[in-house]
Amino acid sequence: MSRPKNVIIRYSATNRVNHWITAICFVLLVLSGLAMFHPMLFFLSGLFGGGQWMRAAHPWIGIVLLISYLAMIVQFWRENLVHQDDIEWLKQARFIVSNQEERAPQTGRNNAGQKIVFWSMALLIPVLFFTGLLIWEVYFGAATSIPVQRAAVLIHSLAAIAAILVWIVHVFAAIWVRDSVRAMTQGYVTPGWAWRHHRKWLEELASGQHDETNDRKRP
Amino acid sequence: MTNTWQDIKNANVVIVMGGNAAEAHPCGFKWVIEAKIENDAKLVVVDPRFTRTASVADYYAPIRPGTDIAFLNGVIRYLLDKDAIQHEYVRAYTNAGLIVKDGFTFQDGLFSGYNEDTHSYDKSTWDYELGPDGYAKFDDTWQDPHCVINLLKQHVSRYTPEMVSRICGTPQDKFLHVCELIASTSAPDKAMTSLFALGWTQHSVGAQNIRNMAMIQLLLGNIGVAGGGMNALRGHSNIQGLTDVGLLSNQMPGYMNLPNDKETDFDTYMSTRQFKPLRPGQISFYQNTRKLFVSLMKALYGDAATQENNWAYDWLPKLDIPLYDIIKAFEMMNNGQMTGYICQGFNPLQAFPDRGKIRRGLSKLKFLVTMDPLDTETSRFWQDFGPQNPANSAEIQTEVFQLPTTCFAEENGSLVNSARWLQWHWKAADAPGIAMSDIWIMSGIFHRLRELYRKEGGAFPDPILNLTWKYTDPISPDPEDLAKEMNGRALADLTDAATGAVTKAGTLLDGFAQLRDDGTTSSGCWIFCGSFTEKGNQMARRDATDPREQGIAPNWAWAWPANRRILYNRASADPAGKPWNPAKPVISWNGTRWVGIDVPDYTPTLDPSAGASPFIMNDEGLGRLFARKLMVEGPFPEHYEPLESPVENALHPKVQNNPVARVFANDRAAFGSPKNFPYVATTYRLTEHFHFWTKHALINAILQPEEFVEIGEVLAKEKGIEQGGWVKVSSNRGHVVCKAYVTKRIKPLTVDGKPTHVIGVPLHWGFTGQARKGYGANTLTPSVGDANTQTPEFKAFLVNIEKTSAPVAA
Amino acid sequence: MPLTRREFIKFTGLALAASSLGMLGFGESGEAQAAAVRPFKLTRATETRNTCTYCSVACGILIYSMGDRAKNARSNIIHIEGDPDHPVNRGTLCPKGSALLDVVHAPTRLRVPRYRPPGGTEFKDVSWDYALDRIARLMKDDRDKNFIAKNAAGTTVNRWTTVGMLAASASSSETSYLTWKAVRSLGMVVFDNQARV
Amino acid sequence: MSDLQSQDLVRRSASTMTPPSVRSHVEQVAKLIDVSRCIGCKACQAACMEWNDLRPEIGHFEGSYENPADLGPSVWTLMKFAEYENEQGNLEWLIRKDGCMHCEDPGCLKACPAPGAIVQYANGIVDFISDKCIGCGYCVKGCPFDIPRISKQDHKAYKCTLCSDRVAVGQEPACVKACPTGAIMFGSKTTMQEWAGERIVDLKSRGFEQAGLYDPPAVGGTHVMYVLHHADRPSLYSGLPDHPRISPVVEAWKGILKPLALIGVGLAAVVGFFHLIIEGPNEVTDEDEAAGERVLRESESEKSP
């Protein structure tokens, strides 16, 4: 598919690499985590070369995820700041869900849903990391008491489930809102996509508010 | 042990004093637990420390180390006071009613006949008054003030509960409660067993400690009966056997003594050993001594021992002093009086008192030979191992031979256990490397010496050249051949006088009753006679059948003497032959002979009415409350303080210590005073280790890895010592730097009104093997022995303790 | 959605049932059973009856060794446990007895005779002949020099006090008898054992 | 006891199907530790190490007879010593053999995520199948008694097997056989309970009014039981739990959370899927495209000079 003539850069190469490192780590953690969480899914350990490799790899992937996500926070925190509009948008979310986006309030670069995903992960990933450290048997098995570890493992599981749910919403939204995936793979969106989903952002771009970031690219 | 291990389960009271059976003999101790469970027995523990034995006891009482006699004499006083003795037994089976010579006295801590200069007694007054018929005089009514029981009453009258508590530090109520429990076994059908070990022997009054309890057991009628007895829990797997075979400086096989310088000829030697009965109708076993001796000499010298040369009597060495024991040996070494020393499976650098003296002694030898399966400290005394064994190798001129031997798993042979069972064992594998058996090594040395004497001649070669060595394999004799030689054979056709049965020349004998004094029998160890007969190796028997499950198992292995399992078992029945305890009879008289589950310790067909008393190894046939001349410090036990003691002797300050203890001048100079060394120390074993052997075994090193001492919380607080912290324990002879175990199990005792602290010093650590390096408890201990046996006083001495830091590794 | 407790239980029960059904394809129980238990290591090991070398309770022990004593097999002891037939220990062993294997195979077991010359700082391996020849020589020289045939009073005493021996405490009675014979024939009196310690 | 040779599984970690359970008529076994007969000699520890070929490192003296200092991957049983002064002021040395209790309802097995790494045989023994262990340490968190330990060498969990290899061929565990004083007994669970009853009567007659059996019901009972002189206060014995149970946290984690989470996740995915099917994708229309282009163009022209 050839690139349309007039596109807008939504994610830089750095953004995209960072995102996909995060995504791959997250998927690997979900797979290995679920394998250790529920026996029905233990077969997933095969993907990692067996249970021992999986158990050994999981925490290290977690560290990469944390670093990677911290980098994402650095890049994206500003545009995910919550505004009054976001609350309004959430109130009108039924129009979004029923594919009547035009009836919902206009949004900037990110809508409230995206912000929720972003901030949920920003909360959950550190929680997962710290509880994960407490139950990292190889290095920290003796560092805390068993009751603490028990609580940690429960919180870790709960947080993981929450993260997975958030992730499902994220993935679903990416698939449902067509051409979003391309934004994160190839980095650009069409003006129509921006008009439809992030009109305020488009208008901001048009008015040159983001010139210094060179978001707009002309053929 | 007079009884068997399993027989302990028949006891009503088990007293563990002078030992720590649970730790040192766990598998034997199971029978104590069994007594508690199956026989509702009470376990009483008297010990300076709350030991593992105490942890399962029904009653525990503390005691200051080295004061057992005060405690036990107090018990006797209690028993006599409350009349809690088994009257019929005491009257019939002990010397309570025999009358002692007029000159016998006891005053201010000394018995009659003491000689200040020689530190010894003239014991002539320590005996019975004999009548004109040659028999001992007696008073059955116990009225005569000079009969034994009255003398005993008078002797123990000073040991009031107050005095016992003052000396021992045992609270009075605890002492009296123990007395009460002991007294409960004076009923004819109740028994108490006494389990003891080195906690009693390793004192300057060790033998008297044991005698004291034996007297209590006689008063309670507990000797010879099921669940009773004096049970010495021997330490090593065959130390009983080595003692039986006479591997002691003054001994020959079967408890015959070597002659001394005064016994210039064979008849003189025999004259003091074939005891005549002192009571009418009595039998005295030792009248057979000549038969035993001649049979031994025939085993040793065969045809060369003849009537003409007095059965080679002069080929035996004669002793000029009573004992050349180990303490004496190291004294001689230090004085430059010894050239060579051979340590066969023995590690004196670890095992004997005053380690510094041992090391100096070994350094003065020309040569030292060690034979051991393990790399012992003794064999490396010359090597520098830092603070745990400082040595300047270059200055030590001793040649050292370290010979590797097989261990138990790599040879056949028999071991004699504490209950006198001879049990055969079989080889399971070859030894590592080119290690060889002790038999091969001793044979090798002997053959080379014999060859040298044959070739070169030399000092008195006759006994060497004539020693019998008729083994199938002379290079390494089969244990079976040696066992047969000890059992004995007929050397000519023997006809039994009573039955007319003939034993052919060359056949193995069935028992020592067949031995003769005319040179027609041989037996290398008469008490083992019957262990390897024409019927086969009796020691290898494995029939565990146990009639009435009473703990005899008469067909398992073989017990000396004559497969008898309970010594003095005639005393288990009343004078008429009826068992005192009908529920647990051992033997009884059925009208024509003695029958029961054990071999009678008595003539099997001797009618009770003949009047012979049960203790046939004694010439009066009676149990001795009064020891006559057999103990060096007196016929009654008396409390003497240990050579190093924190207090004055409360009974007689002028006679502080055992007045006849043998102390070499150098050793006396090395004693410490309570001023500098205010705490009482006692050494002991831990259950995880066996002496200095198991530190070579990885599992045991894991279970108890490092040297420590045990101290009470009060002392720890006083001295600022932390749990697990480093301490320096010192005596006037040396010091140990190790960890401290601060415990509630050792409490300060109030002795003579003053608080007295006890420090426990486990003894297992050295500088070879798997466990961490340690200084060894014998760095601290004084070189003084029991006056009768020269067993070192390891259980009571003085030390100081202070907080310190870890020793600096070399 | 508010759930009553009853509904809640029903709900999770269904879920459990569903997940159990889903798991059918992945079961490995049979395999686990086969692999579970460690094989019993003594099945055909050679059993030898012996007595514990430590204290004088003299517990009966069973020594298990590799190899069936065939000509080409060299026995190696792999395990030692109590003899259940023995009337005293009835199969039990104390912490020392239970660890006998480790003393048999102790790294400090001696394998070769060693000799340390006067002033030496190390042991060196020697042959048995070297060691025993030298020991016999040293003993004879000293005996010939210091043997006391008669005392001052003229009594034959036949005594040798300058070389002594400490006898073992765990060697067999047969060993000790042979030792006694050899030692006493030399007239040695400084001769003792471990009975006191 | 011949039935003990059957080692059929009744429970298996991380398995959602019922293990083969037809051969259920297997006698339940139990080890009974009679603390009142125990002298703390560590024969059990030695026998355990010898039989199971375990040799932990040689440690240090650390102010107690407890050696090694703790249970470990190669320390499957450990004597614990507590010096306790009772109400009368008398010292009691309470010595307890610590090790796996072989719970009827094992917390370790419940927590284990690796299928078949922890199993319970029909005779009641709970065994770790090291080959399947992934070393996560969940068993440590699941155990109410703080027993399993993870090896730093091979990252696998270890604990007492109750000598399943010996029991499988009809022998008693090594520690049981060694115990010099019979403080450790082994047999069917009912026999052990009966024997414990006799022991408790004896102890009560010796003044231990509170003597009793420790067979905690909250874990379904155990296949290692204690006779205690102070059964009212198990924690006197070096912290034996007074009321052991699988932690509610672990119960929640391994109980309700598991299905709920899967359902939740599954539901979310299903809802999304059907949303897509029903509502269709949120696509950019040509009008949108035109509008977007227009906005860009306008701004372009505004900025053009």
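Remarks
We call the chains A, B, C and D, going by the order they appear; numbering starts again at 1 in every chain.
Heads up, the rule we're going with is that contacts are C-beta pairs under 8 Å (C-beta built on N, C-alpha and C of every residue); 3 or more make two chains touch, one makes a residue touch a chain.
By chain, with names taken from UniProt: A = Formate dehydrogenase subunit gamma; D = Formate dehydrogenase iron-sulfur subunit.
Everything quoted here is computed from the prediction, not taken from an experiment.
If you tally contacting C-beta pairs for each pair of chains, B-C comes out on top. A summary of chain positions shows that the Cα centroid lying nearest the centre of all protein Cα atoms is that of chain C.
Look at where the CA atoms of subunit B average out and do the same for subunit D: the two points lie 51 Å apart.
Our note on geometry: subunit B versus subunit C, Cα centroid distance of 25 Å, whole angstroms. Chain centres here are Cα averages; for subunit C and subunit D they lie 35 Å apart. Annotation: 66 Å between the Cα-based centres of subunit A and subunit C.
For subunit D, the set of residues that touch two or more other chains comprises 15-16, 41-43, 45-46, 49-50, 115, 132, 180, 182, 258, 262. The set of subunit A residues touching two or more other chains comprises 38-40, 42. Residue numbers of subunit C whose C-beta contacts span two or more other chains: 19, 22-23, 26, 80, 89, 92-99, 101-102. Across the complex, subunit B is touched by residues 36-43, 45-46, 49-50, 55-65, 67-68, 83, 85, 90-93, 95, 180-183, 199, 202, 206 of subunit D. Of all residues in subunit C, those touching subunit B in their complex are 46, 48-60, 63, 65, 74-77, 80, 85-90, 92-104, 106-121, 123, 128, 131-140, 142-144, 146-147, 149, 151, 153, 155-182, 184-197. The touching residues of subunit C, when paired with subunit D in their complex, are 12, 15-16, 19-20, 22-24, 26-33, 35-41, 43, 79-82, 84, 89, 91-99, 101-102.
Within the complex formed with subunit A, the residues of subunit D that make contact are 14-16, 113-115, 132-138, 140-141, 146, 150, 152, 155, 247, 249-250, 252-253, 257-258, 261-262, 264-265, 268-269, 272, 275-276, 279-286, 288-293, 295-296, 298-299, 303.
Considering their complex, residues 22-23, 26-27, 29-30, 33-34, 36-37, 50, 52-56, 58, 60, 687-688, 698-708, 723-724, 738-745, 770-772 of subunit B touch subunit D.
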